[in-house]
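Chain naming follows the written order as A, B and C, and within any one chain the residues start at number 1.
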Amino acid sequence: MQSSAAALEIACGASVDESTIDALFDELFPICRSITGPGLRRSLAIFERYMPLEIEGVPSGSQVFDWTAPPEWRIRSARLTGPDGSVVADLEESSLSVINYSAPVDAWLTLAELREHLHALPSLPTAIPYVTSYYQRRWGFCLPYDRLRALPEGAYHARIDSEFVPGAVEFGQCVLPGESEAEIVLSSYLCHPSLANNELSGPLALLAVYDRLSRWPRRRFTYRFILNPETIGSLCYLSRYGDHLRQTMAGGLVLTCLGGPSEKLSYQLTRRGNTLLDRVMEDIASEGVIPLEIRAFDPTDGSDERQYCSPGFNLPMGQIARTVYGRYPEYHTSLDNKEFMDIAAVARSASSIEHILKRAEISWTYRNLAPYGEPQLGKRDLFPSLNSPDTRRHSSDHLSDERQFLKRSMMILNYSDGESSMIDIAARCGCAVGDLEPVLEKLEQVGLVAIEQGRSNG
Amino acid sequence: MQSSAAALEIACGASVDESTIDALFDELFPICRSITGPGLRRSLAIFERYMPLEIEGVPSGSQVFDWTAPPEWRIRSARLTGPDGSVVADLEESSLSVINYSAPVDAWLTLAELREHLHALPSLPTAIPYVTSYYQRRWGFCLPYDRLRALPEGAYHARIDSEFVPGAVEFGQCVLPGESEAEIVLSSYLCHPSLANNELSGPLALLAVYDRLSRWPRRRFTYRFILNPETIGSLCYLSRYGDHLRQTMAGGLVLTCLGGPSEKLSYQLTRRGNTLLDRVMEDIASEGVIPLEIRAFDPTDGSDERQYCSPGFNLPMGQIARTVYGRYPEYHTSLDNKEFMDIAAVARSASSIEHILKRAEISWTYRNLAPYGEPQLGKRDLFPSLNSPDTRRHSSDHLSDERQFLKRSMMILNYSDGESSMIDIAARCGCAVGDLEPVLEKLEQVGLVAIEQGRSNG
Amino acid sequence: MQSSAAALEIACGASVDESTIDALFDELFPICRSITGPGLRRSLAIFERYMPLEIEGVPSGSQVFDWTAPPEWRIRSARLTGPDGSVVADLEESSLSVINYSAPVDAWLTLAELREHLHALPSLPTAIPYVTSYYQRRWGFCLPYDRLRALPEGAYHARIDSEFVPGAVEFGQCVLPGESEAEIVLSSYLCHPSLANNELSGPLALLAVYDRLSRWPRRRFTYRFILNPETIGSLCYLSRYGDHLRQTMAGGLVLTCLGGPSEKLSYQLTRRGNTLLDRVMEDIASEGVIPLEIRAFDPTDGSDERQYCSPGFNLPMGQIARTVYGRYPEYHTSLDNKEFMDIAAVARSASSIEHILKRAEISWTYRNLAPYGEPQLGKRDLFPSLNSPDTRRHSSDHLSDERQFLKRSMMILNYSDGESSMIDIAARCGCAVGDLEPVLEKLEQVGLVAIEQGRSNG
């Protein structure tokens, strides 16, 4: 799989800059996506232009852990017409106008009969709410509360042309291979129709990160990118690739809500709370260069990390967001749109995630390849061949650069025992992980240390 | 063994209320018990009326770890007569009047010759002390110091009609089976003659607890009840059942000194210090509903937990007391009698122990039976089938009851991984274990969680 | 190996007192030692008079982990003559006058040509610095800076008569067997020519410790003594005995710089930081009887513990010093001589190390040999055969000596489970380890506890 991904990578060279993100947003926004069906399929195809996604699907009716893959939902039209023939709600106006996974209907109803099929938000009277009913058949329309309360008595015509057909829950993934088999997994979801921050910001940031990492030399981690419908999609993914991830996954991020107005990024710790990315994020948060808040893991709310971090898997999956779901009133309404979301914020999020991943690479566990006794540094020009009191004498306040490089080399070599990460070693050295980067690169280059191959303490 | 115990359980339906305890006390108190022999046998038979005890014995002379099971002691009479024919000490007056395990004697002695065979307490001049010499042959009488110092010179007749015969160290046990094989072990000792708080309070409280638990549905733990002579009896018990307990024991309590005047119960931690009951007791002590002090494990003093917590076994056995041995001057004297002890306190102790065990049941480790991904709560009516902003929106200060129930369900499911106890999960939820009980029961009922079968982290 | 060492031990009975150390110092000081060759061999032979060293060597050219054993260096003479025929530097004057491992030369040079071959210390203008170039061929002389800056222009005759021949890196060791296979390893280095504190203090203190321990009954640890050239010598040692040490080593000390003027001893923790000797040293430091500072493990500086504590071995090797290398300006110069060093301080160091090792013996892990239930102390006269309230009653402030002895016995027995050291048990008893010594000895004597045979938690 990796080799074919590498082959495809060459073919997909288009650069994903801010204007590309902007154009893709406009193309993707109007599509009536759901957890299955043509909207999802069209959306994945748009991403395939820029990433060598391999698409696969779990057929409707398959048992997926405690769940059953649902039938595919096809929606062709949905319109509610008032007594005077005026349009009250229409899929053409907004893909939010119909309950996602609505059953078909073609009926005349009184206003009283209709009410239980109408959804609106008194607290946001101009917004169309986003309502779903994936696993229980019902039909209904969503509309602004201002419009709802002005509806006159009379006969309404509700017509939804939808159907449920055997299909599949589809997802796509691609891999950027590195020299280590240890993997960093980046995942986002694609299933909400016409929502901006809490939908498109995630996949678009994922694409921009993919684009940046495809240009890296990648001498360390392998990177895996996943796009799936939320919840059922990640369950389907894990049913096929969970065992692989258990063997290889060193860390991961679910990307969600990355385009809102918040200045800070917000990281949710993994369930384990002490994995590579948890420690990297704490390190970065304490530096203050990237504004970053850190949240505890919360199995009662969130995105696909709830599946990755279920107790049977307990994978080291964190979650990164900017303006977090549930914290802004526009969430899950038609007001979560391009005005609310900022394309530039999505690009900025991608750039910060690239920075985080760079840091993760040098924060990981490395292994001393000559662990019995000290390696002979002299024969590699890393230790002075002439040992005199002059070369050793120094004030303890101020080490020469050479001497400091040597001391850091010796610290890295002694503690690269498969248990200590570079974050631990930096703490022992009293310096930042970044200060160790040139030393680590030199030691890698002369073949004395190598990145931990397995997933190790991640 | 468990099935026959279950059968017997049906036969033994008499309720053990406070007046029953009172009557049993009066019947048991005068008996001259020891670590073997007819007194112990008669006492066990009295308990058998209310509990389906299976009695067994380890024959005299058997090697029991580092010990040898002693011969059976039979005492028929013991009387010391003064120069004037008056009775100085007599088994008929008190079963404490003779050294327990006294050798036989029939001799005339001067007061000077007699002195080394007389035991009294200057600090409590009206009390008869309780003296034993199980493993070295000697004979002697115990009497109040006031009487001792008034003895005139002259010829004394010491006559003890006792014998040592091959017999057995006997103990009894019964089991109340639950749905899990994980066991809670409740043990008390029966070997002190005519002592109240430091003897009869323990077995009587054990019986009252047995009676209460026999009426429980017991969908969780199995309960094991043991009565044995102290030290050698628990060693004999462990020589036969120690391996079984190593496989199954989730927790246990030695019941001792439960009838004294102290208001607080006193719990001694297990040797490990972090087992189920240790944590339950700390939880209860911090709540303050049951007044409870917590003591450290002490291998240099105490009761049968010293054997259960020896390093070769290291079983999770705590100890529960009220007015603790060694802390009251009447301890091990004839003043530890019904006046000192309060039958109502024994009943209160049993009631508190029942409360503790109820708490232990819901504080234990449970296992999510669908641990891969989240279980589909919707199909079990535990999650709203319609997902709209309305059902999700809430102030973080005040969750609806339904939403809180859902959140607690998700916490229990995510953390029921075989490592976290319900105490841990309650701490994560910021609530009391009791608050999780209805949620846990619902999740058990729909088959999503079950009690940990093995002894797990107990 | 141990039996022959034991045999030899009988032959070597000479006592090593302060005057012996003094005489040996004078004999050893002038020798031009190096990491190989006749100087090292002669030095080892001098120690063999007092210790049954088994000498072995790793042949030149052998691969030793990441290193290659160097050829043997033979130096016969080295003299630099000035334009006026006066001697500028001469091996006869000081064995420091020539770069250790200098290549041969016989050439006339101008002062300018000569300069790069001359080494002096402006900061210590009267000192000859100690310079080595083991692994890169060069030649050169070392001289006082005062002499260097006074050199006139003219033609200099540099003549070094040295050669490199196939030989071996040699080291010596001997063992004082104890009853346990668990070993304490004491190591020092022998390779610096004509240096006092940072060379001879170590081997001389080692010898004095050997002498003291050879007179012990040694019912517990086995002691291993090693003398080797620094770094390459300990690498060679580990290449042959590293696996053995991994099986047996309970603790160890590298002895270095033990003769300087500092009042305190200075202990460097092992890499693990929590081994037997680490805890013993912390215990001793907190008592304050032996003035002692404790340093963190530092893989970037130090002596042979850097090899023992490399990540592949991670052996429990500490380091003990008095006036620590690098902390005094005379270090690695001709001023580190008998005037700087104090023979009495070496003897004092040896005496303190003996005290430390005595403490280590009783601080180690012991094992209860009757761990199932309590052992029957009564049959060993360790528990009163008569149990009466009198023998138990006591004020908690003041235990009788007998009762305290009994309580400490029971603590040792309960916690000697292979996990707790005597330091842990003393902490539980609220007493010093030394207070437990008589109890421990009694329990060893009656066969209830024995020293842990393997290296256990060391």
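Following the convention adopted for this analysis, contacts are C-beta pairs under 8 Å (C-beta built on N, C-alpha and C of every residue); 3 or more make two chains touch, one makes a residue touch a chain.
Being a predicted model, the structure only gives us computed values, none of them experimental.
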Superposing rotation of chain A relative to chain B, computed on C-alpha atoms, to nearest 5°: 120
Type of chain A:chain C copy interface by residue overlap (half), same or different: different
Mean-CA-position distance for chain C and chain A (Å): 56
Shared-contact residues (touching 2 or more other chains) in chain B: none
Residue numbers on chain C that touch chain B, as the complex places them: 368, 370-376, 378-379, 385-390, 392-393, 406-407, 410-411, 413-417
Chain C partner contacts - residues on chain B that touch it in the complex: 64-67, 99, 119, 121, 123, 129-136, 138, 231, 234-235, 238-239, 242, 271, 299-300, 306-307, 309-314, 326, 331-333
